[in-house]
Amino acid sequence: MLTTHPFDDDKLREECGVFGVAGAEDAAAMVALGLHALQHRGQEAAGITARNGREFYSHRALGPVAGNFDSAEVMDKLKGDYACGHVRYSTTGAGTLRNIQPLEADLASGGFAIAHNGNISNALKLRDELVRSGSIFQSTSDTEVIIHLLATSPFRTLLDKFIDALRKVEGAYSLICMTPDGMIACRDPLGIRPLVIGKVGDAYIFASETVALDLVGAEYIRSVDPGELVIVTDGELRSHRPFGDTHARPCIFEHVYFSRPDSIVDGSSVYSVRKEIGAQLAIENPVDADYVIPVPDSGTPAAIGYAEKSGIPFELGIIRSHYVGRTFIQPGDGVRHLGVKLKHNANRPLVNGKKIVLIDDSIVRGTTSLKIVQMMREAGAAEVHMRIASPPTMHSCFYGVNTPRREKLLAAMKSVQQMCDYIQADSLAFISIDGLYRAVGEDSRQDIQPQYCDACFTGAYPTPLTDQDEKEQPDQLTLLNESAPTRDEPALAEKVG
Amino acid sequence: MLTTHPFDDDKLREECGVFGVAGAEDAAAMVALGLHALQHRGQEAAGITARNGREFYSHRALGPVAGNFDSAEVMDKLKGDYACGHVRYSTTGAGTLRNIQPLEADLASGGFAIAHNGNISNALKLRDELVRSGSIFQSTSDTEVIIHLLATSPFRTLLDKFIDALRKVEGAYSLICMTPDGMIACRDPLGIRPLVIGKVGDAYIFASETVALDLVGAEYIRSVDPGELVIVTDGELRSHRPFGDTHARPCIFEHVYFSRPDSIVDGSSVYSVRKEIGAQLAIENPVDADYVIPVPDSGTPAAIGYAEKSGIPFELGIIRSHYVGRTFIQPGDGVRHLGVKLKHNANRPLVNGKKIVLIDDSIVRGTTSLKIVQMMREAGAAEVHMRIASPPTMHSCFYGVNTPRREKLLAAMKSVQQMCDYIQADSLAFISIDGLYRAVGEDSRQDIQPQYCDACFTGAYPTPLTDQDEKEQPDQLTLLNESAPTRDEPALAEKVG
Amino acid sequence: MLTTHPFDDDKLREECGVFGVAGAEDAAAMVALGLHALQHRGQEAAGITARNGREFYSHRALGPVAGNFDSAEVMDKLKGDYACGHVRYSTTGAGTLRNIQPLEADLASGGFAIAHNGNISNALKLRDELVRSGSIFQSTSDTEVIIHLLATSPFRTLLDKFIDALRKVEGAYSLICMTPDGMIACRDPLGIRPLVIGKVGDAYIFASETVALDLVGAEYIRSVDPGELVIVTDGELRSHRPFGDTHARPCIFEHVYFSRPDSIVDGSSVYSVRKEIGAQLAIENPVDADYVIPVPDSGTPAAIGYAEKSGIPFELGIIRSHYVGRTFIQPGDGVRHLGVKLKHNANRPLVNGKKIVLIDDSIVRGTTSLKIVQMMREAGAAEVHMRIASPPTMHSCFYGVNTPRREKLLAAMKSVQQMCDYIQADSLAFISIDGLYRAVGEDSRQDIQPQYCDACFTGAYPTPLTDQDEKEQPDQLTLLNESAPTRDEPALAEKVG
Amino acid sequence: MLTTHPFDDDKLREECGVFGVAGAEDAAAMVALGLHALQHRGQEAAGITARNGREFYSHRALGPVAGNFDSAEVMDKLKGDYACGHVRYSTTGAGTLRNIQPLEADLASGGFAIAHNGNISNALKLRDELVRSGSIFQSTSDTEVIIHLLATSPFRTLLDKFIDALRKVEGAYSLICMTPDGMIACRDPLGIRPLVIGKVGDAYIFASETVALDLVGAEYIRSVDPGELVIVTDGELRSHRPFGDTHARPCIFEHVYFSRPDSIVDGSSVYSVRKEIGAQLAIENPVDADYVIPVPDSGTPAAIGYAEKSGIPFELGIIRSHYVGRTFIQPGDGVRHLGVKLKHNANRPLVNGKKIVLIDDSIVRGTTSLKIVQMMREAGAAEVHMRIASPPTMHSCFYGVNTPRREKLLAAMKSVQQMCDYIQADSLAFISIDGLYRAVGEDSRQDIQPQYCDACFTGAYPTPLTDQDEKEQPDQLTLLNESAPTRDEPALAEKVG
């Protein structure tokens, strides 16, 4: 079995996208569109919950939004003018239908639905305490602890119960919740995962990225601030700051790879940042070559920036198939590198005899980089230089990003020269951490209190990692496989994000 | 219902791709890969026939190759070291399972399978004669007339019967056939549709495009010549010229749009030709602008060429979704231009306030061009100039390309200025027919005997159009809807190609 | 749309069957067989939970056991030597997947699974209290209250918690539960619904009916006693009597219709009881006729008994189709009585010109009886007399039986003579309540403390009906539609049984 | 894998049922009902072709009628006031979709559809000749030779062509055909397979059995005579006798087992004949027993007859499951005789300690009889006597009945005493051939020219067996596996019937 499935890609994977509509006709149909625009943030499962008065209606399915949320039969059931939805990565299997968000519960106050992007880093500990006192969990999702904390909170109002629950959880969360009265959107005090506010007509929209606002024709208003809790009821939006002033540290990898280039993340155009990363890379790591060639599509904006800055022509030396995510049976006589070829094909007549510089966004395991370098050489390239639009990825993420365990991270195990040897390139260079901060508009990284969460590059985790600590320190490699579940090695408690 | 399905695209559509393997272990698994590489030539249905000794095994399915030809259950049935396959566009529906190629028949000589790219332009007349003498057709495919002509031919050997059949048919055909003894590949005397020969190990490969050779690791040998008939038996390839010397007129639109940019068509790199078209376009039709922006992905190589020649920066002003071919339910409050937005999104921060020149490969109905221009303006573009990498498409194709009926072709109904007004661009220009011939390496078009079939631009059809003539002249618009079936208006005899 | 689906039948419907295996290799495969033998007790959904050590594995599906539990893929996942399962009637729909039993929970003590036949008559009240204190329900099933009562019980051991929970619930329950240590089977103090113990090899089996023991080759040991709680751990069976001595009142309708004729229920052969009902009916209500004809198949044993006692020949005047449960589209020219004809056809040559006595088990709405009488007349019957093997069904059941609301019960609204007129029979008679008690081996009904639950005939409900009382009295017809959900009118809280 | 699928039954299997409607609104919906009533004649596949003016619409599917022909989506496509349909047994698999009838062809005269019950015994020879002259077959069905004979017939009118074709075929055929002008129904000169005419309103109905007329509310008019060809056009029915006077020999096994008991076959009530067979059996083979017990359901009418004649009480000692046709996974600890138990369960309390006489319709392989005798003994029966309502089945059928190859027929290999030993009964007896003829109303069998086809009992085949003769004589056992395809050993040319 061979596959071009993105999970086998040599990439970090954002695990979730969320989208909510407060106060629009056919809210669920808008959510379906919004989730489709966020499909790159999670293709394994999708769910939508709609609210009509006090009645909640949900549909959840494994697989992408399209195909699962395109029939009148399904959509007609999702009645109401409020709706929220979720796309996610995670392991497949019938059992996990229960883990597909939005999660939903019948509380004494009525229905409650929650969609979560991020990861609660003390979820196992909280769950254990809740079960001991009689709570029964429906899923293995970290998100469900929020609901049980809410249900058992001694506070009186739903809002107070909700804030009480948030105060107990650690980690990263951008949440969209629905109650019988309205919609709540909030972001953890550091604002690790993104969340934006839009407006179309009288309706408020919440989304992980602005590209989803574009698709439904909504105007981009602003980001939800780190630590902000926003409530929409009766067409009015009110803002709360239950954590007071906080120092933001949004994820810098959203700019490198996760977000769509046409999105605006925390105020910056992702496309411009990526071009600027390419330009910084050209300054920091010049090379003598005939062509600048992007590894499509994620390397393309940086490659354009690199080409402009260096003056080397930008050319399409690798053609990407539009029919990705496919599986085939390997013929007996062994087509070489079939996995990568199903996605990418060398533009042989162009590349033959030329010195090329390849631009990619990151190196994770290095397996794909190796195959692409080999593919370029088989197509006749004279020299193959690799330039990477992020610093070396050396640490696992515990905030809702699917990372391999640390010993699978090439940069955690090897020096840059060893990495270059491994991928068989003529040269290899990464942008520096300060170069990356420059590309996002900072002068440099403030090491005392960094402006972004860059833990995957630096190991500087901005929150406690309680569930990890109860086992051992996250950087002790031997235990990391239990703490950072990957597709091939599912952990006991599934992460959803 | 809204959809991003390619059929609703404003494009001409190649109707078929063919692929054959003669003499390799797991031939059917290689064909599945080859067809996947040709998926852009037809996504509606796919079929593979394998041959093991005298036994033939087939599987046909609606939908793409992947998903239908990826299970061991299906592939294990397709036993043997010879196999051929076909991808196609055409109308859906259970009944049309019979029209999915390869078509297969039990002849007195044993099994026979045929996969056809092209269109027989006197198929209706021939079918009528055959039915009168007792032949019973299984499909509504034009290809089936070849089989019945073969079955009822008075000649003695299968090869003589086959040539006898070909002499009776008119139009375009690139064929891959399997017999109990071997494989036959041939191309009509004008070589209208492409067909190439490759080799991997001892096996010969036939394919519509070289990109399919790349995927299975085969070496590109050469094109099948127009009017050539090639037979592989017992590992030997022999060439026949049943039509003697012929004057080739391959389809020029393969270079403009149909073929993948990484293919070599009739000896030329498609990517290089497209870049050169862009360069010629920049020479013929310069414009003062801030950015050159491709309409992705088909306009990209020409845009790179245009940018290089003009010195205007190449930028990604339109981001294409990876999740195309999707359908959604339109929300009640009417998202504008949803159809096009599902596929393309404006890169707003880039485009805002800029003068841009958009590069697209062609304009068919003009509906998509209009929506893209509007999308650019809504994103704040100051000026939107459109440059097209082919001459105006004014005539229907009868050689295996899905074209709307002539009155739906914008260029058949309007002047260039009227087209510009229709799509609401600030300016619009097409490459000239001679510019196009220059880009493919000719000095100019030889009007007496053109080097290519360019009937869609010029109306100069290189063969008789017998079935059309029996109704009326093809350029008489009122009857064209019967002769040139389109997706929305199915004709009596379905075209397969 | 016409259907022969049993739900449209004019019958009361047992809502559930349960089956458990304690201590056998491939326990889940045995449960699948046992549930298949109990399929007549519920065809809408089925579930199996297996336990291997402390790991629980479940599969639940809409539809019958066969087709859902016959693949190696499904069954291989249901590992372990303990397993229990459930079949049920209820409304369909994706949402109700959560209501399919066995219900399962992760308690502080480990996994817990429960399969329930019956109905908790104070479930709504208990649920309300539990939600107020922070319990979150996964389903709308009455059974789930038992789990939450257990999870939040202040007692220390699981057994004490379980008994604590049972003491709070009212109504009918035959339960099979699995814990990390073993299996618990119990029956409510009145033993309203049946439950038997069997043994095969070293394994203990629990089942709703003995017919399920026969299929898996198990020996019938005895019934679980009313109010008895039986635990199997480490191959040992221990019996508990948490309710002390109780006065049994098992459901008498199990003998009339619910149970299979080849089952032994509470010690009696169902077939013999039904034949004896037929004999009593012949004594109480003789008729002059040519043939005794059963309404197949439920009327057959009583018809044999009636024929034997009366000396009138037993003949098959109605042939039942083997292909029931089917739906068709009504042709335009209106086939009469198509619904009933899809299931039953008159044996015209036999019936024509004859005086016949039809034997059926019960009359609920009367709609089917009417159609069968009409069908017999159209086939030429000279006289049609109807004899019913149970007293008039006048009251709804609240103990796990699907009954129409009371005003739809023909006998609740009409006298016997009016019923006879309605179904257009020449005469109609029912067995008396004492005749029925005689047939089950009693001298007569002890009105002070009846030996059986016969509330559907007499209205004498043996337990409080708390949820009903909170609305109004059950016999006040206008509210019954809320309390006794029927297929067409789903109630707020779904019943599972 | 264990199954209760009827194909594993120890029964001969009628292979087809046909149904046609000429001149009624929603003809296809009526055909769906008619085929459902004939479902016992073939459950593997079903097809319906409808005609609206000159347009033909078809739908074919593997599996039963219900489920495949119950959706508005399917039925709305089957437009028109003429329709015919077919149910069949045969091997499964995607490839055989082409073999599902009605077969359909576009002839020079327009559309043509044919549904066939029976088997052409010189089909292979005719097919060979047709292929040599250029005919291309779509299926492996014997029926298709009729269409090609028709298409290539030199006669002028369609009727003359059709009769010309029939004169060339040998064997058994009851046909329903549709042409652009009307409907043709005909029966081979011996009338081997049944076919009846009915009327509802102005519409004529044709059906394999009268039970299908009952379901659509049609009046039974008469049988189509052997050798008769009936045409309905414009509401008029005309009869032709292209073979002149013929001597009828309809299949006697229709009375024994194939037809429904509520059908009238060639003028006789099947139920009455079966009761009379039971009575003759009681006279010929009396036994001292406590109970007469039918093997349900096919043995029931004969058992009633046997009980009446012998005075021994009729009792239900075997209860049949309503949920047949199911497959399960065998648990590890080996439930005995699970296959038969899934269908039948002993009524233990009844049978225990009693002497019983079992009545079954026939013995084919004997495997089921053995298991049923064992099941009765395990339930405690003191003596088990078996009485069979047909003579020993000693020869294969070549006229559209699925029979095992001869060496698998118990009666072909063993004496009656050996058969009795094999099935472990206390005694075994069959009705005599003359007893069977008496039961159908004849004085005795006329050996010179028998009144029925009884070849399965006597070996007296009423037609040439050309395809068999070309291999060898049918009674030479070693070749029979090629000539009489059975489910496990598919022959080269598949039989449909």
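For this structure, a couple of remarks:
Labels A, B, C and D are assigned to the chains in the order they are written; within every chain, residues are numbered from 1.
Everything below uses one rule, namely that contacts are C-beta pairs under 8 Å (C-beta built on N, C-alpha and C of every residue); 3 or more make two chains touch, one makes a residue touch a chain.
Worth saying up front: this structure is predicted, and the values here are computed from it rather than measured.
With chains reduced to the mean position of their C-alpha atoms, the one farthest from chain B is C. Centre to centre, using the average C-alpha position, chain C and chain D are separated by 37 Å. If each chain is reduced to the centroid of its CA atoms, chain B and chain C end up 63 Å from each other. Work out the mean CA point of chain A and of chain C, and you get 51 Å between them.
In chain B, no residue reaches two or more other chains under the touch definition.
Contacting chain pairs (ordered by label): A-B, A-C, B-D, C-D.
By the touch criterion stated above, chain B contacts chain D in their complex at residues 58-59, 94-95, 97, 105-108, 131-132, 134-138, 147-148, 151-152. Chain B meets chain A in the complex at residues 24-27, 29-30, 32-33, 36-37, 39-40, 64-67, 69-70, 72, 75, 200-201, 211, 214-217, 260-262, 264, 269, 271-272, 297, 300-301, 304, 308, 313-316, 319, 321-333, 335-336, 338, 341-342, 345-350.
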